[in-house]
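In the two complexes that follow, chain A is the common piece, with chain B as its partner first and chain C second.
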Partner chain A sequence: MGPALKLVAQRLALGILLLFLVSILIFVGTLILPGDVAQSILGQSATPEALANLRAELGLNDPPLTRYFDWLGGVLTGDLGTALTNGKDIAEALGSRLSNTLFLAFWAAIISVPLAIFLGLLAVRYRERWPDKLISAVTLSTISIPEFLIGYVLMYFVGVKLGWAPTVSTIYDGMSLGQKLNSIALPVAVLTLVVLAHMMRMTRAAILNVMQSAYIETAELKGLTMFKIIWRHAFPNSIAPVVNVVMLNLAYLVVGVVVVEVVFTYPGMGQYLVDHVSKRDLPVVQACGLVFAAVYIGLNMLADIISILSNPRLRHPK
Partner chain B sequence: MMKNIPFAAAVGLFFTALYFFVAIFASLIAPYGMAEVVGDVWEPASADHWLGTDNIGRDLLTRMIYGGQTTIFIATVATIISFTTGSILGFLAAVLGGWADQLLSRFVDLVMSIPSLILALVILSVTPVTVPVLVLVMGLLDSTRVFRLSRAVAVDINVMDYVEAAALRGEGRRWIIFREILPNALSPLVAEMGLRFIFMVLFISTLSFLGLGVQPPMADWGGIVKENKDGIVYGIGAALWPAVAIATLAISVNLVADWILNRTTSLKGGRG
Partner chain C sequence: MKDYLDYLKVNAAMGRISRREFMGRAAAVGVTAAAANTMLADAVRAAGPQKGGTIKVGVNGSGSADSLDPALSANQGQTLVTRMWGEPLVELLPHGGIEPVLAESYSSSPDAKVWTFKIRSGVTFSNGKTMTADDVLATMERHSGDETKSGALGIMRGIASMKVEGDSFILELEQPNADLPYLMTDYHLLIQPNGGNDDPTAAIGTGPYVLKSAEPGVRFVFEKNANYWRDDGNAGTIELIVINDDTARVAALQSGQVDMINRVPPRTAGLVDRAPNITVHKASGAGHYVFIAHRDTAPFDNNDVMLALKWGMNRQEMVDKILFGYGSVGNDTPINASYPLFTPMEQREYDPDKAAFHWKKSGATDPILLRTSDNSFPSAPDAAALFQQSLAKAGIPLEVKREPNDGYWSEVWNKQPFCTSYWSGRPVQDQMYSTAYLSTADWNDTRFKNEKFDQLLVAARAELDEAKRKQMYADMGMILHNEGGLICPMFNDFVDASTDRIAGWIDNHKGFGIMNYYAPIKMWVAA
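So, the complex of A and B:
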């Protein structure tokens, strides 16, 4: 077994361990907090009978450890329980919403990743000249505004004033791909802008870092052409940092999606989570939290694995 | 020191100070009462109402000023909590080392493996949404980042000769943390403080926008967006003013933080 494979196996094991610990954290986070969970769900005016019923339904009378393992066992077998508010199966509701969310995130990623790498390269090529300064000024201001406000700014100017795109993104199964894309145009634009700024800044830093190494200077002094230097020396060494940047930002998309979905009333996971947090629907919140955490951890793990695999030093052991 | 402030930092400093000034003296500056209905729904800007009125006819400028007070107050307190907890635990981890360091660091890794918004939402689903709870949740979640930074800085300082000299002199842990490490770790921490403050402003605005932050009738920038967002589809831009406020505040604080960071790195370069 090569060192690369061993490292990959280590990362996988670590990721699974982390996910397990996170499930404990999410479970405990809703328990240890002060006050009675049933009370805070129903409010101060709840009758003692209603409280007792809810406690029985949530299984609050069992010891926490039993409850945790019941919940974990359910999660592992795909049974996420039923929502308190409408009694529906959570796994079913999550399924379609998760695919909607992934659809949104997928298109945002497809647009933002190549664009960010291109802009990052452009900024490096014209470092300290006006294209670089312009790009960094624009990205600094998009970083300084929260996602939901970028959403409304775009909705106001592009959606309402110019009328180029729908301001509410409803999608359903019967729509054609074109209709769906038209309807998610604005949310995708918002997510792209938010992620693009981070990704571009980090790509720029990563490539600049590689371009300043001693071996690039050596290659230059050897008299290689610029193209050859980038292709043979800079590119293989910047795959790992750039992939890392991309993955980190895809993970960031997962969070951005929560807010952007609420802005454009898009039927995805994020809206589902936020709705049920205000309704204090504990099982749904725990399930959504776990799914979000799993996606986030999974992407970070993937970033680690890809950078291990793309590292020439690990791929060709001496 | 004050003579050679670069232009960008001076602009940043000016606007940051302005925002804090307006926030502190909100009740003196605001032209109307916070929840006072003074006109029609969504009146356009006029001499009486510089920014127009909001979704139920309150003066928007007044709402923005009081909103700034709430937002800046919450962000400031949360930043203070995040810094005291994060840096004290970070320094302790660095000074103690061993299993205490391992325990704290691995726990922080665990908390940071989930996006803080998601964790905050999970916690807020079972706690009452009040200002003290919000401040605590935000501050403690964010203290993980401060912990990492202060631990990293303190680990470097902890091996310096003067710390060793203090330890040999027989000084206690408290002395070493507060008299030896803290003064030397202050500059990078202060620069980080600006960034954390901005993050807090964005965080509380997002929570309020989602309806899980500051509750009405109190005003805050995220809440103002939530209240006025329905006007957007009719072409009424009332909900966009918080964007202007947040963006200018964030950029000015960033400029100041950048400047402090640059000063400290040149300081470090000088030292060795």
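So, the complex of A and C:
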């Protein structure tokens, strides 16, 4: 396990460096955007005096470098600060938004990952026959349609016409788990349809690749059933590429679902971030950026570690 | 037949038959749709407000960065929220005029320079404290003064001094202003304990509801204030659910997840209204979509260029294609019939010949550059394209530059010489003109500087004879119409919708949309 531990340590160090660079990028990026937070808060009703007063109160007159290091100092001591726009504690607001996002991503993943892998196996088992073609056609169509359109279509037919599921997915404290699940039924369905194809195709391709090997022929000659060959001999050797794709899609489920959140008015991180970017609320944008970057880096690291552990040659290097 | 209609009315009012069914049955016995609609509204009102139940509102125009401080209210969501828990001194009546709220009565000195508001006694804040004239003074001070960041600062600036005498709050103005009570209806100026200086975001006020849970940009829950001083506020619980996406908001109304929504997109309003249990309400208001040019920048400093652009605007086409009929034509002034003391003037129609005449006379040849973006007003780029075509028929070249939504209000509006924009209007003409057309106004977004206009504006404030004041405003309107940098093709209606689970909608409420934001409070659960 020595090399794996060393790898984890290396990756962690690199990840922290990356997060630091990301925070600088976000800070500079938000500064470049036209207008500032005071202007965005007061909008069309801003007078020069009110703007000046608000800027002074929010500390926007300090030089950017000072503001960045103030922020960095806070983060390093575990204080994300308060939002400039509404004065709310960022850690608290972010915490509830993040847990909502993870809740949605979790249920979408629970359904989509096993389904995608199962469909991939099925496609290999019946490759070039009608089940394979049907699975490919359906999943490729759903990934090709923009997600907001799938959202609207489901909303209209399933929500408005049939009345099976609510069209507004707002969840809040005090709802039971059942109510929450009912509430997110449509966004979970949309996300599943969107991520299915990618993972399914990768599973299919990776296993087919392995199926060309000589040892599969041996297994066939031993008289094993087709499904057993795939499951016992081919799949373990194709875990690495599949895990990579699965992790990318999990990352997408956490950081890339802002459109779905908007369509179903789900109170997740994406909507929270977009609102604050448009108001130039730097501390919130920074905090969200860090969380998103951490999720991406973390999941990719996990993918690498799993691929190494799943491969005996990498697990026990000479 | 009358008995039959009465029977139907009662049933419809009680919610036993749907509105659509009532209209159908009434039509079957020969009653016109308009008459049937009126009958139904009367019957529902006669049945009286029902207390209790929950009203859910789908709200557009709210974000997770919104503050609960009324001084920073800048969108529909914030205004709806603050209306629930807070109250102003005076408020607009539904169909014109002023209603005293936290002021029991008000009066002015004969020269309209000193205004006295007698503060209502026996009103308590939701924290149990009694509301006093000192709280009023502290509130007004928080919204004025050099330190303030309030959106109401523009209104408060003309105040010379404020003081409390007994139970009266007294304002002395630098210049006379006969419209002062209208200014005090501003949605920022809600009375808070100690003026909100202790915690401006505490949401403690004298209003009919108490804030129970607040997640900005997501959901707000209110419960009836048991100690509310008057008989307003019907539902036991009001839930505001933020649904900024147009399609999602309409779908939520159609599937019954919310009882009312604001800002129905005009494009689909006709379709929405066709649903049997949904009524779309339109209310004409003072909001207008505008094309604004800086009169101090070439080529717009040439009045012939302005006139060419004004005659080259096809206003009716704009109302039909941009507002889908949910609005009315403008006449190159910011004022319409929704204002007190309004005088109609001759409508400027689309006339390519006159436009071409003024264009030639101006000697300008270079294309005019118009900047636009979708958030200056809905479908503004489409409106710009229509304008381009109607000008082309007069031989006037217009170039349209599309700007990003993000940053439009800080980088383009009030900075670039010609762009599309939006004004939500003000309760009185003086305020609209002082905000954007006085030479020295902060938001003089047309750089309009006219001495005669300024003199009239100041004179009208002090004029207590209504007929004379009306004439002054008419003269000012004419000056803007002929010399202003404002091209105003249309006034947009407020378009909102509710299901027949709730009743009590008041048509054409003055002020802003959704019954000047009072719909959730004044409506009730009918079924």
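Here is the rule we go by: the second predicted complex is superposed on the first by the 253 of 318 C-alpha atoms of A that agree within 3 Å, B and C clash if a C-alpha of one lies under 4 Å from a C-alpha of the other, contacts with A are read in each partner's own complex, and residues count from 1 in each chain.
The working rule: a residue touches a chain if its C-beta (ideal position, glycine included) is under 8 Å from a C-beta of that chain, and two chains touch if they have at least 3 such contacts.
Please read these numbers as outputs of a predicted model, since none were measured by experiment.
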Which superposed partner A:P187 touches (first chain B, second chain C, both, neither): neither
Contacts of A:P241 with chain B and chain C, given as first, second, both or neither: neither
Touched partner set for A:A50, first chain B, second chain C, both or neither: second
Which superposed partner A:V258 touches (first chain B, second chain C, both, neither): first
Which of chain B and chain C A:P146 touches, first, second, both or neither: first
Chain B versus chain C as contact partner of A:G81, first or second or both or neither: neither
Touched partner set for A:G120, first chain B, second chain C, both or neither: neither
Touching partner for A:P166 - first (chain B), second (chain C), both, neither: second
Partner chain(s) touched by A:N300 [first = chain B, second = chain C, both, neither]: first
Touching both chain B and chain C, residues of chain A: 33-35, 40-41, 152, 155-156, 159-160, 167, 262-263, 276, 278, 281
Footprint of chain B on chain A - complex, ascending: 18, 21-22, 25-26, 29-30, 33-35, 37, 40-41, 140-141, 143-150, 152-153, 155-156, 159-161, 167, 251-252, 254-255, 258-259, 262-263, 273-274, 276-278, 280-282, 285-286, 289, 292-293, 296-297, 300
Complex contacts: residues of chain A adjacent to chain C: 33-36, 38-50, 53-54, 57, 83, 85-88, 93, 96, 152, 155-156, 159-160, 163, 166-168, 170, 172, 262-265, 267, 271-272, 275-276, 278-279, 281, 284
Residues of chain B defined as touching chain A within the complex: 110-111, 113-115, 117-119, 121-128, 198, 202, 205-206, 209-212, 222, 225, 229, 232-235, 237, 239-240, 242-243, 246-247, 250-251, 254
Contacting residues of chain C [partner chain A, same complex]: 58, 63-68, 72, 74-75, 146-151, 153-154, 201, 213, 215-219, 241-245, 247-248, 251-252, 254-255, 257-258, 406-407, 409-411, 413, 442-443
